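Same chain, two partners: chain A is paired with chain B first, then with chain C.
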Partner chain A sequence: MPTPTLLQSIAITLIQCVLVVLFVFVVVPLTVFAERKVLGHIQQRLGSTRVASGHIGITGWMNRGMWKWGRIPVLSYWRGIPGLLADVLKLILKEDIIPAKADKFVFFIAPALSMVSAVVVFAAISFVPGTFFVFPAWFPGLGGLPVSGGIADINVGLLWILGVASVGVYGIVLAGWASNSKYPLLGGLRSAAQMVSYEVPLAISLLAPVVLTGSLNFGEMAQRMATGTSAWGLVPQVFGFLIYLTCGFAETNRLPFDMPEAENELVAGFHTEYSGMKFGFFYLAEYINMTVVSALAAGFFLGGSWLLPFGLQGLVNQLLPADAWIAGPHAIFFVAKIIFLLFTYIWVRGTIPRYRYDQVMSVAWKYLIPLALVNLLLAAFVRCAV
Partner chain B sequence: MFKNEEMEINLGPQHPSTHGVLRVKLRLDGETITHCKPVIGYLHRGVEKICENQTFFQGQVWTDRMDYCSAVANNLGWAEANEKLFGITVPRRAQYIRTLLNEFNRLASHLIWLATHALDIGAMTVFLYAFREREDILDMNEAFCGSRLTTTAFRIGGLREDMPPGFEKMARKFLAKFPTCLEEYENLLSENRIWKKRTVGVAMLSAEDAIALGVTGPVLRAAGVPYDIRKAFPYAAYAEMDFEVPTQTAADTYARYLVRMAEMRQSARIIQQCLDGMPEGPVMAKIPKILKPEVNEVYHATEAPKGELGYYLVGEKGSTNPYRFHVRAPGFINLQSLPKMAEGGLIADIVAAIGTLDIVLGEIDR
Partner chain C sequence: MEHFIETIGRNMFAIFGVMALGGAAVVVASRSAVHSVLAFLFAMLCIAGCFLSLEAEFLGMAQILVYAGGIVVLFLFVVMLVEVSKAKEKEVFQLQSRYAIGAVLLGVAAFAAVFRKVIFGAASPQALVLRTDLAQGLDVAKQNAQAVSRGLFADYLLPFEILSVVLLVALVGAVVLAKTERV
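Right, the complex of A and B next:
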């Protein structure tokens, strides 16, 4: 394979960025849609079935179209999908209100902080081990060059991920502060305390895979957890996985830990004063964060793109010829694991109530941190034994 | 440079969990409530005064609009207060049907309470489950009196019409499935750790305090006082019914949850007895076209889903309208206990406290 020049590698990185952002912006709206549908089924209703209640104009036109779809039995279920488009359109077209007494610059920068820190984490996540695909020879400028499965192969990937992800809390705190309003302030304060607290057990629970694999690189960790001798570590790490998932729920402000935006107490929490696309950024950031947390869980605890269930790994390797596009199944299984975890988010939301703020804090400090430490110790023992 | 300051915050009148237009002025020290004052009156329509300008027959329509989640219970109080004022005896079949509808209404009201209370605490699914069953009850309301919410179900002296055909079948079908539905809610909540953490020991109101504040209904019974007007001063057909008054002693939000859930079971039991023992006969007493009282006053209390619903009626000689009409609204009196419940708690607890009081602002502001 030819070595890419500087210009070519920049072009390849840009293409990777576009692909990852594309992935994010496909997964996020679909998660929103899935949330509506899954919650609907949990609650014995249909979920979203139409764009809007309009009969005229663009929504009316779309509605009529979709109801025609509905005559085909399989498609009738998916009539709500254009609603996602309508939602995004609505957020973009809505008037962007900034409260008169707000700190305008901070008010402006807060949603961007949330959003950017959420998306940037994906840089260190490798979707596929090694090469994702190779440009065909006829491709202008990049012919025959490989594209790897992750944007940046950072050797301290986990550290970097945790660092970048924790910038997100600034977005929420600053939003609460800059709104100059009481409910957002309370929401911002809550989230500051909550997210800082939960970062501790989250990090400790992620240390266990680090101990087991002896690496901080996302791809390497996933591979070693799944395939090497440390694969034995996966079994006791069920415990660590649950701790991680609990902390992940808290970090992304989802039920049962949605303190910062507890709608029944704080109206909408830190984003009460936000409207239009600024609110949209917070909304997107929440779902992207969910995807990030799921991707990390899939990578560190569920074997990432490596562990294909039920011995399918060997089967795939046997069936496909050596030069086949082997990355495909890897990517599919990685995404499937992410989707399963996203489903868990929705499932939990449909099932259990919300903790009280002080209880949320006591769960973190009194239970999760000691449990995570015990888990780390356990991982260390397993490491010594294997 | 730094100083400690308490923050004043308005919970409502536009707020997702104040169940309408209740406004609560809170003073917060961090998230702890140091001072709590409910402010009411945003839904005041002057129902009492309006009723004084209407005939006795017309007044019932306004009682629908007080506690709109349990309109039938309000109608029953009005009809019986008037019957007491004029000395009318209601036929036995009408009494049974009234009891039946009243208990269905209690179920509907408790289901709304369960739905909104659980939603306030974050359990979203219970909300929709409870509304599913409430829908069936509203359908029965519609079958009986043509209206789902503002029922105007009764007439002074009995009922406008007998049960429609098929009504009994609807009721029996509902009764057959209702226990499994109750189990469904309880599966989601009763032993749920988070639900218990949010409700056990939250918004306490001791029996002494409850009695001193005039609190009635499930809130009082959850403090261990078995006061239920259906048993203490039986009306309609309750004297002939076999049912228990569920009580708890913990006096917290969880105890009130248990009491209301048990009450729903008892209501279903009463409905079953009404259906099985339904007597034959007319449903309307013979009453004059125009009702004119001698000077007289009555107070009639009924056990509405939310507590003691009292109607005080004064008749004027020669007038077709009441001279004075006053409602002892259970929600209004129960709301007095909110500061007692909420002060010292956290801001999340006041949401639980408002939910557990089961208030309807239409009744409080009237």
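Right, the complex of A and C next:
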């Protein structure tokens, strides 16, 4: 492999950034689509499980056919796509309204802060073990150069993720303040308090796997989980994982904890005054954050990002020969874990009703933080014992 | 082109430093308290950039996590609640400006007193050197977090614990003040 020059390495990094943004713009609409469908089935919402083009194309033909045969075509996967398309079109085409008394600059910068902090987190997450692909020799300027699976494989990856994600709270708080109206302000204040409190147990619960593996680097941690004794993997951080997931729901303002936008109390919370693509940025940021939380959970609690979950990898490596396909790390396991956790997000949203605001705060301070501390202590004992 | 990028890379510290100073200037000059907090956030992120340009990754990330992610959020929280009217706020700001100038001068003097050897003398700032038994098997340039933790919890354990007690005193003091106000 030739070593890239400075300009070439900058170009490669830019290409990686574009790939990450593309990944985000593929994953988010798919998650929104899945959310509509799954919620439609859980809560018997009719639109998203049935709407399809009734007139044109293969969907319309099959739709008409199934009705004709006396069947309700609920399980056809394309159903709900027109709704999704209409939603995306609406986001892009809708008029961008700025309230007359809003603080223009802050109003403008708030959705950008949300979006940027959500996307930049991906810098420390490597999707593919080792080299992602090698440029073919004919490629102008970059022929034969490898592109690694993560943008920046830094030593303190976990801290980067936590730090940048914690900047995301400004987007919500400033949006609430800049709108200059009552409900957004209340939503912003709620989110400031909620996100700052849930950050504490979130970070502590993430520390337990760090203590167990002794690394803050995303890729290195996965490697140590693979090569370490299977005893660590077989005693998974169940409590840590549950605490982390709860805090993850709160950090992304998803349903049991969606205080900042509680529809029945605050109209739409912090983004009441937003419309068009500015609202779209908040929407995107929420789903990107969900993906980030899922990716972190996959890496830290489900047995390293590219391996089989629950310590199965240790067993597989002992039973099977080392050159078996399943014995190595694979990006597909990572993606599968992310998809499963995103489904969990939707599942919980469809199942558990919203907390009251004081309950949200007491859950964080009175239960989750002590539990997370005890969990960390146990992890430290395990580390000492092994 | 390549030369240009390399020059920028070498001077990253100066660039981030100037940006941080600019942010700090906006904090003082801004009329709206929320804008001040935003500029403060910007300055904090730039200081994190300074740390990163010195390859102190752990410190840079801790800077973002603690200051940008925690403390400035609380500032914002308070400022959003306190901000009542523009006129009143202006008055408070003008009242403070005299003391502010004095405080800045005092701060500069204190800073110069501490770093006078570095600034005026020939002595160069000394890098943190771990005890040899601690540094064993550690690549300090690459394992930043580990190096800092070994220094903090072995070489400098007593100052570190004293600092935490000082912080605790501040916390208890805040609680006491809040209590007396409420009664």
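Operating definition for what follows: the second predicted complex is superposed on the first by the 319 of 386 C-alpha atoms of A that agree within 3 Å, B and C clash if a C-alpha of one lies under 4 Å from a C-alpha of the other, contacts with A are read in each partner's own complex, and residues count from 1 in each chain.
Please note the rule applied: a residue touches a chain if its C-beta (ideal position, glycine included) is under 8 Å from a C-beta of that chain, and two chains touch if they have at least 3 such contacts.
Just so it is clear, the structure is predicted and the values come from calculations on it, not from any experiment.
Superposition note: with chain A as the common reference, chain B and chain C can be accommodated side by side. In the superposition on chain A, contact of A:S166 is made with chain C only, not with chain B. By the touch criterion defined above, A:T5 reaches chain C but does not reach chain B. In the superposition on chain A, no contact is made by A:D153 with either chain B or chain C.
When the two structures are aligned on the shared chain, A:L174 is found in touch with chain C, with no touch to chain B.
With both structures placed on the common chain, the touch criterion links A:A192 to chain C but leaves chain B unconnected. Once the two complexes are laid over each other on the shared chain, residue contacts for A:I42 go to chain B alone; chain C is not touched.
In the superposition on chain A, A:P353 contacts chain B only, with no contact to chain C.
Taking the two complexes aligned on chain A, the least Cα distance separating chain B from chain C is 5 Å. Within the complex formed with chain C, the residues of chain A that make contact are 5-7, 10, 103, 105-106, 109, 154-156, 159-160, 162-164, 166-167, 169-170, 173-174, 177, 185, 188-189, 192-193, 195-196, 199, 216.
On the side of chain A, the complex with chain B involves touching residues 39, 42-45, 182-183, 186, 190, 255-256, 258, 262-267, 349-359.
Of all residues in chain C, those touching chain A in their complex are 1-2, 5-6, 32, 34-35, 38, 41, 45, 48, 57-58, 61-62, 64-65, 68-70, 73-74, 76-77, 80-81, 142-145. Chain B meets chain A in the complex at residues 7, 9, 15-17, 31, 118-125, 127-129, 132, 188-189, 192, 194-195, 197-198, 346-349, 351.
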